[in-house]
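Heads up, the thing below is written out as structure tokens.
In order of appearance the chains are A, B, C and D, and numbering begins at 1 in each one.
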Amino acid sequence: MKKSRLEAFSDGVLAIIITIMVLEIKVPHGEQFSDLKGLIPVFLSYALSFLYIGIYWNNHHHMVSTVHQVTGKILWANLHLLFWLSLVPFATGWIGENHFSAAPLSLYGCVLLMAGIAYVILQSMIIKSQGKNSMLKKAIGKDLKGKISPVLYIAAIALSWLNPVIAGLIYVIAALIWLIPDRRIERQVSQNEEAVTQNDV
Amino acid sequence: MKKSRLEAFSDGVLAIIITIMVLEIKVPHGEQFSDLKGLIPVFLSYALSFLYIGIYWNNHHHMVSTVHQVTGKILWANLHLLFWLSLVPFATGWIGENHFSAAPLSLYGCVLLMAGIAYVILQSMIIKSQGKNSMLKKAIGKDLKGKISPVLYIAAIALSWLNPVIAGLIYVIAALIWLIPDRRIERQVSQNEEAVTQNDV
Amino acid sequence: MKKSRLEAFSDGVLAIIITIMVLEIKVPHGEQFSDLKGLIPVFLSYALSFLYIGIYWNNHHHMVSTVHQVTGKILWANLHLLFWLSLVPFATGWIGENHFSAAPLSLYGCVLLMAGIAYVILQSMIIKSQGKNSMLKKAIGKDLKGKISPVLYIAAIALSWLNPVIAGLIYVIAALIWLIPDRRIERQVSQNEEAVTQNDV
Amino acid sequence: MKKSRLEAFSDGVLAIIITIMVLEIKVPHGEQFSDLKGLIPVFLSYALSFLYIGIYWNNHHHMVSTVHQVTGKILWANLHLLFWLSLVPFATGWIGENHFSAAPLSLYGCVLLMAGIAYVILQSMIIKSQGKNSMLKKAIGKDLKGKISPVLYIAAIALSWLNPVIAGLIYVIAALIWLIPDRRIERQVSQNEEAVTQNDV
């Protein structure tokens, strides 16, 4: 099983997810700027989801770059992740349609939570397949971000019913802490390469 | 004819099919979780179809990996397969719209049956092109799964009119038996590689 | 300019064109097979357009495989071709919506004609870039198919107003004569490779 | 971080953006050519946007071809560019829906302006990552086109409210000056290759 085709398919699905969300921003019939006012929540939720899918694409890339052998389990864990991410456009559209009201906001958190869990499963499948000296395992270390994210999502899901504004802000924060790409993996990969080079010498 | 472009195009089409299905889950106007109730059949049929397309992508990958030379026949057999798979979103949407009633459920089975037949045609085109010692032929062996699937689809098509629940379950079962990736081909490929390595020695 | 990225982008656009057409087959609200009756023309026009895009993808692949250097002109001629092909879903949808009536049928022919012209332009750009001993020029030879197609499209455009059935049949025939992949190019390429091999010896 | 996956993802997103715009050209219910009259502005705005996305794809390709190492900053600057480009279909649809009236025309300019700024940011990130002897920096030189474009966009945004026809024409002109691919970069790249070859000798 070649890694390149797993990447190509995932890239394709993520590219489509990130782009079809824009179809939820329905063109208004009016021709005034004021006719766009109703679209502001749609636009904001679109921007946030664009950011999330971008983050997933970025981290997915770093993670998969450590894979040597694509096993059946990795493949299905990857499809499982794509499944939950494919629901992001729906949850985004519902938020936009209802101007950040409680139920859509908490559904959004649920989809993010499931995607986060799917990501962790994929991660552990890859680590398992790499055996004892898993490069990915070393790379993620304590995986602080990975542990904080679900806590934030659960908090936001609960807060959606009390204060939608705070819930929304938590989603923004949970995205921003991921904005910094997974340098840990990048560092580990380059250290590995150095080690290999030294061994060659 | 390069194999890579056949793979790239098929990946693209499958990625789009798997993703545009989510557009059938129309965002409800209401803002309560109860407004999502009507979407449960849409969601379930989406999840099932996502699984089916995922299975086809997976098996397609394994099968095409054995191809050496892409002939015109293989190319058109591949497009024929993609044609039937491209109808899955429509059949899925009709099931979801009508809450698993008889006609949509049996249409779904017809589309799966046609896709299954198209897959067998593509398989035999590849085997023919590989000549006597076809790696793919050895790999699929008795092709038990490939023979059971159409029987299950036909049973589900018929049962749709008697008991939609059982028909739906059969579709789920027919998917689950494919969940296990086509290890036969994987094994054959690695055996072949070993044989090649031994010959080199 | 790398050929691979031109191919990748064209593959992406063609894969999307071929797949979004299925969105025109709107899911009916009724749950009887009789509710699908109104969709038969939509389905037939979808199948025909799927065939046409498949043919273009196939021929495009053969043609681009002869390209050594992607010039700016080739790039824009390629985008020009994709532009007209991107209108196929619209023309297809209009035919389906209006059950093969005159104007939609002739518009369909116009789009095919423009795509055909764009294809010829791209072809001549590639030939020009290859200089005197253009492999593509030798390959297409008298280009019989390429010359018959526009004649058939123009005939069908005119006949749409007299007899839509015959016009439709001409579109089907014009597709079928292309079904046979451009073996001329394939042959030329392999002859070239042989020549190269002999020179090496 | 491999450049190829950045290219593949960008290609995917741009291919989808360029193609889903066609979904805004809604199939009319009538069956006369006169029923298409209302779609002329939709078609014209589609053609213009197709051209713009084509230009971005082309220039993006040339620019990314000079990248050696994809840093986190380049990656996010690239996503930022794709974000603004993903809004082109919406702005295009609004123009078409309202027959080139003032607000949609000026919004279109705003989206183009933001995309232009995002492009410049990406450009400077790449130049920074290449250090003193940045090939891209030499290639773009004074970047005349890059400096004229935003001026034209701003002019068109303002003129939209006075004379929509002139505003529209400016968008067409701003596209046409980009039609000539970025030969500067092409030239620089080939010069560099020559220099490398000479050094080898």
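The rule is short, and it goes like this: contacts are C-beta pairs under 8 Å (C-beta built on N, C-alpha and C of every residue); 3 or more make two chains touch, one makes a residue touch a chain.
Values in this document were obtained by computation on a predicted structure and should not be read as measured data.
A.B. asks: Quick check on chain C against chain D: do more than half of the interface residue numbers occur in both copies, making it same, or fewer, making it different?
C.D. replies: different
A.B. asks: Mind checking the rotation angle between the two copies, chain A and chain B? C-alpha superposition, nearest 5 degrees is fine.
C.D. replies: Superposing chain A on chain B takes a rotation of 90 degrees, nearest 5.
A.B. asks: How many Å are there between the centre of chain A and the centre of chain D, using C-alpha atoms for each centre?
C.D. replies: Roughly 26 Å separates the two chain centres.
A.B. asks: Give me the residue numbers in chain C that touch at least two other chains, ranges are fine.
C.D. replies: 8, 12, 15-16, 20, 23
A.B. asks: What does chain D use to touch chain C in their complex?
C.D. replies: Per the touch definition, chain D meets chain C at residues 7-8, 11-12, 14-16, 18-20, 22-23, 25, 27-33, 35-36, 47, 50, 54, 57-58, 61-62, 65, 179-181, 183, 186.
A.B. asks: Spell out the part of chain A that touches chain B in their complex, as residue ranges.
C.D. replies: 1-2, 5, 8-9, 12-13, 15-17, 20, 23-24, 72, 75-76, 79, 82-83, 86-87, 89-90, 93-94, 97-98, 101-104, 107
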